[in-house]
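In what follows, chain A forms one complex with chain B and a second complex with chain C.
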Partner chain A sequence: MEIIVYGVINSVILSLTALGFTLVYSIARMPNFAHGALYVTTGYLAWLFMNKFGSLPYPVAIVLAIGITAAIGAFMYRFILIRIRGMEISEIIATYAIGLAILEGLRWGGLRGMTFTLPPFIAGSMNIFGVSVDYQRLLIVAVGIIVFAALYLFTHFNRVGLALRGIAQDERAAMMLGIDSDMTAIISLALGSGLAGLAAIMLLPLGNIIVEVGYSVLIFAIAVSVIGGLGSWGGTILASFIIGFAQILTEAFLSSQYQMVVALLAIIITLLIKPSGIFGKQKELEERV
Partner chain B sequence: MKNKLLYLLAVVSLVLCMPFTSFAQGKPIVIGAPLATAFLYGWDAERGIKLAVDEINAAGGVNVAGQKRPFKVEVIDTRDLEPSVPVADALLAMEKLILDKKADFIVGGPVRSEAALAAMPLLSKHKKVSILTTGVLTPAYGKAVAENYDKYKYCFRNTSHVPVMMGDFMAILNDLQQKHGFNKAYIMVQDVAHARAGGAFMQKALAGKNWEVEMKIYPTGTTDYSVGLIDSGKKGTQVLFLWMDMPESAALLQQWSNMKLKSLPMGFMNAAEQPGFWKATGGKGEFMIVNLVNGGNAPSNITPWTMKFVNAYTKKWGLEPEGYGTSSSYMAVYQLKDAIEKAKTTDSDAVVTALENQDLMGVYGRMRFDKKTHQIIPSWDPKEGAVTGIIQWQAGKRVQIFPPKAAEGKIMFPPWMK
Partner chain C sequence: MEMMRKERIDRGVRVRTAGLYAISTWREMLYLIGPPLFLIVGMIILPIVLEFAPYWKRVINIVCVYALLALAFDFLANFVGLVCLGGAFFVGIGGYLSAIFNVYFHFPVYLSIPLATIGGAALSTLLLMPALPLRGVYFAIVTLMYPLLATRVIEALNIFGGTNGIIGLDSLPNAYVEHYLIIIATLIFLYGLRRFVNQDMGLVIRGVKDNDQAVRASGISVTRMKAFAVFVSSFMGCFAGAYIAHMYSWAGTSLFALDFSIIPIASVVIGGGGTLLGAVVGSFILVPVSELLRNFGTFRIVIYCVILTGFIVFKSEGIMVYVMRKYHQFERWVKV
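Moving on, here comes the complex of A and B:
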């Protein structure tokens, strides 16, 4: 039973981690390799607001931290990425460089050691089918479901959301209808960064805010997105469950140290069988041919 | 007139000589400190070294054959504890200390075992006496000195190593077995060389003492230990033996506490060493038994010098000694001072001989180096050798519980174990 319970929790954690990365790629067609850095930045900002700058209440610190991270995402596009949009290798190098600068800047600025932690929203644990689960993890599952539902509603019933979908489906046609491509890209970067921040706020109370977590979050976000199909939200969820359960099964029956191997193997197998990912459409025509 | 000139000359000479007799005014003796400064074992070592240097300089410096010379510290970040940083980078950093910064002696790291072992030929090449004070828990270091003395005689280490630490742990576990009938252990270690070796060593040792024991290895960066912890609970584990040097391992204790597992956590765990651990885990790390490798890395009364050091450190840096690497790095500077003064020179070979013959009462007991391995001689009695610092987190404080002659409290069990 613990495999099912923790498999679901682990899968939701992975999907939350990868959601922002997928959103940015699906709309702006940009692989945001600064995703992990934005994740860590949000956690550190929340910690700073609670412990250094005025000892703000937890909810206020969270809202401010996510807001600032979203703004960083928007600024990244407006002042840097806008100049290289469409140049795929440059996009990767630029976003990775920004991420690296942020992470190493944080390390240089004092983010080191295990002093930096966020408290769980609700302390304590309960038994689910005889398996002990802490409330924070249950909250993560609930927030995961709410976020996915909210994003679905936003992109299907809101004008801005519909514009984002329009750009994602056919950029040129959407532009002909008056949708500003750069503005949607700014919005998508802000939203994606904000989602990275939300994931951080939910997940970091389970561990510590450290620089290294930025690199592992990026690796798992890429793994989930590639397997699911870059830019596919449905694929992200499915891939999260595949990797999430595979990791828990690996830990239960093999050993935890192979968890990363499982994720990377899954990428290789997916690329061998279906290079565009489970729900990916990048190379659909070539694959059909 | 001639008399007046002589008088003036005498007065000027006296004034010029005065500073030499009362303050350290000679050429500074440069201590190079290659440390992974972004990690506990680096920054606490740096603080320990600087505290000792400040104290020694304030007291007049090092008396080198009648001339008082101050110490000067040059720290370089080896980054050798950071993931993906190659050993070669640490070696380049150390060579820079020797060649560019003109380090006379090396104190501190490199911190990762692999880097420290690779640095030995470099120290030999430049004939630089080094006292290793942090990280590096492999017994291979002392063994290399013993096997190739002429080449590696410049390498000393004033901290412990895995076999000694395991002996200390086994003493505690044997006691738990005899007094409480404990015989089931679950080992959780990080996927790095020293932790895997430590876990395997403990698994074998416990199995030989009729313990039921199982081991799980976790990759660096793991934050979710639920499956392993649930498994340990099902197996009726009484001792959770941990060996990890990553900050994320604090999450393990939080999960252990949330699950109210009927096991006593103990081991070598970086996250649980520091004073901030209590706040970081919201008090859920209580009852964790941690090996701080050397005494004095937390408040205790091992020798009269221990609390003097703890108070001085707290005054200078605003927090208690933080963990492994603090007291040993502080002591290394005093060991070096003592050796230089006895050798009456900074010449490497003379200082090696002085260190080999040194017998100094320090922060964590009597400090003597084994002449063959250049390894500090350990003991459970501070009057005989260097004492370890095994503490348990009790009500927000780090209480020394081992060895018995230095203990200030007894092992306590979580209330849900009763």
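Moving on, here comes the complex of A and C:
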């Protein structure tokens, strides 16, 4: 029972971290390797707002931090990535370099050690099917479901959201109908960064804010997206459940140090069997694998 | 109103057809062989010139190590189309293998380095095999994870000395062997690779990058070509790793560190992708800068990344292409 409950929670955590990456890739066709860096930045900003800059109340700090992260994502596209869009090698190297610069800059700026923690929203825990689960984890599951529902509604019943989907499906046709490709890319990067920030705010109270989290978040996000098929949302959810349960199982039967190994093995197996991912139908031709 | 336009003209001597140069005077010959001669002679006399600066003498080795890694990255990214973000994986494999051969099996240095180079290259190719059918983003993602995974595995299983690493490797016989081994290796790999990519085999490999379907249609296995390219690339990486392990007499998980992945990439971007020579020039610029900035700790990586992004966005051709253009062509203003 414990495996099922924590498996679900872990899967929702994974899908929350991967959602931003998938969103940016599906709309802007840009692998955002700075995802992990944005994640850590949000947590650090929230900590700064609460503890250094005038000790703002927690909700205000959260909103500010997520807003700033979204703005960073938008600026990143507007001033840097817009110039190299379409050049695959440059995109990868540039976003990776930006992410590294942010992470290592934070480490240099004093983000070291175990002193940086965010408080959980609600303390305490309760029993579900005889398994003790704290409220923060329950809240994560709730927020995960809300975010997915909100994104679905946004992309299906909102003009901006429909424009995003239009660009994602057929860029040329969408541009012909008067949708600004760069504008949607900016929106998608802002949204993706904001989602990374939201995931950070929800998940970081479970642990410390450290630089290494950025790398592992990036890797898990990428693993989930690759296995689900880059850019496919349904695939992201399914893949995060696969990896989430696989991780909990290895943790229960082996040791928690093998979590990363599980992610990589899952990637390799997926790539061997179906390289474009579980739901990556449209890109089979494009990738020519 | 008079309009002026800049015109760019080739210098006369650059007449080259299938390896034949039309040269007639000493001046033209010097024009052609001057730059490579400058590089080769410069690199060979560098340890002698820097005799009075022992600290910087050691930096040469590190520069050459990064130059090798940058060559490996440049070859893989710009000639085969596989962006490998995990260059550190090759370094780690080479270093660890060399350490195992040297410490556990008591092989001498001159046996353990070649064995580690060849064995490591074979091992890396084998391990990267599942990722080979991939292109672009997918390959970059998977290779990014390899060095991180290797570190985790070594720490989790507590093999090869765990977090402490393997200590007590034999160091190289003397300082001159240490310098010239890596300098000559760099030169050989640089000019060897440059020759290689212009041969038939290199043409096929470049074809894989531009149009792999055409290569497949010619009855050549794309995956085998990619595997061969990865072998060549990891050969250089593993040699660099084995050399580093013997230079420091130590092999640990820091051989899988980020530095070995990001600095070569930065060197290639700064030097100019696809020129091979640019990779060496780039590391000759970046690594001394990095030594000067040693006090800043991890801030160095921030500086590389900023330089890297700047170059990729504003000057993506790199220094080497720019310099070569200035050398081989001249510009003048003409009336339209």
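What we mean here is this: the second predicted complex is superposed on the first by the 282 of 289 C-alpha atoms of A that agree within 3 Å, B and C clash if a C-alpha of one lies under 4 Å from a C-alpha of the other, contacts with A are read in each partner's own complex, and residues count from 1 in each chain.
Note that in this section a residue touches a chain if its C-beta (ideal position, glycine included) is under 8 Å from a C-beta of that chain, and two chains touch if they have at least 3 such contacts.
Note that the structure is predicted; figures quoted are calculated from it, not measured.
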Which of chain B and chain C A:107 touches, first, second, both or neither: both
Which superposed partner A:115 touches (first chain B, second chain C, both, neither): first
First, second, both or neither for A:59, with chain B first and chain C second: neither
First (chain B), second (chain C), both or neither touched by A:84: second
Which superposed partner A:213 touches (first chain B, second chain C, both, neither): first
Touched partner set for A:178, first chain B, second chain C, both or neither: neither
A:260 touches, of chain B and chain C: first, second, both or neither? both
Set of chain A residues, in rising order, touched by both chain B and chain C: 107, 215, 255, 257, 260
Of all residues in chain C, those that touch chain A in their complex: 77-78, 83, 85, 130-131, 133-138, 140-142, 144-146, 148-149, 152-153, 155-156, 212-213, 258, 262, 265-266, 269, 273, 296-299, 301-302, 304-306, 308-309, 312-314, 316
Chain A partner contacts - residues on chain B that touch it in the complex: 38-40, 43, 83, 191, 216-224, 226-228, 230-231, 246-248, 250-251, 254-255, 258-260, 270-271, 274, 276-277, 279-282
Residue numbers on chain A that touch chain B, as the complex places them: 2-3, 6, 10, 13, 107, 112-115, 117, 119, 123-125, 131-134, 203, 206-208, 210, 212-213, 215-216, 248, 251-252, 255-257, 259-260
Chain A to chain C touching residues, read off their complex: 31, 33, 80, 83-84, 87-90, 92-94, 96-98, 100-101, 104-105, 107-108, 215, 219, 222-223, 226, 230, 255, 257-258, 260-261, 263-264, 267-268, 271-272, 275, 287-289
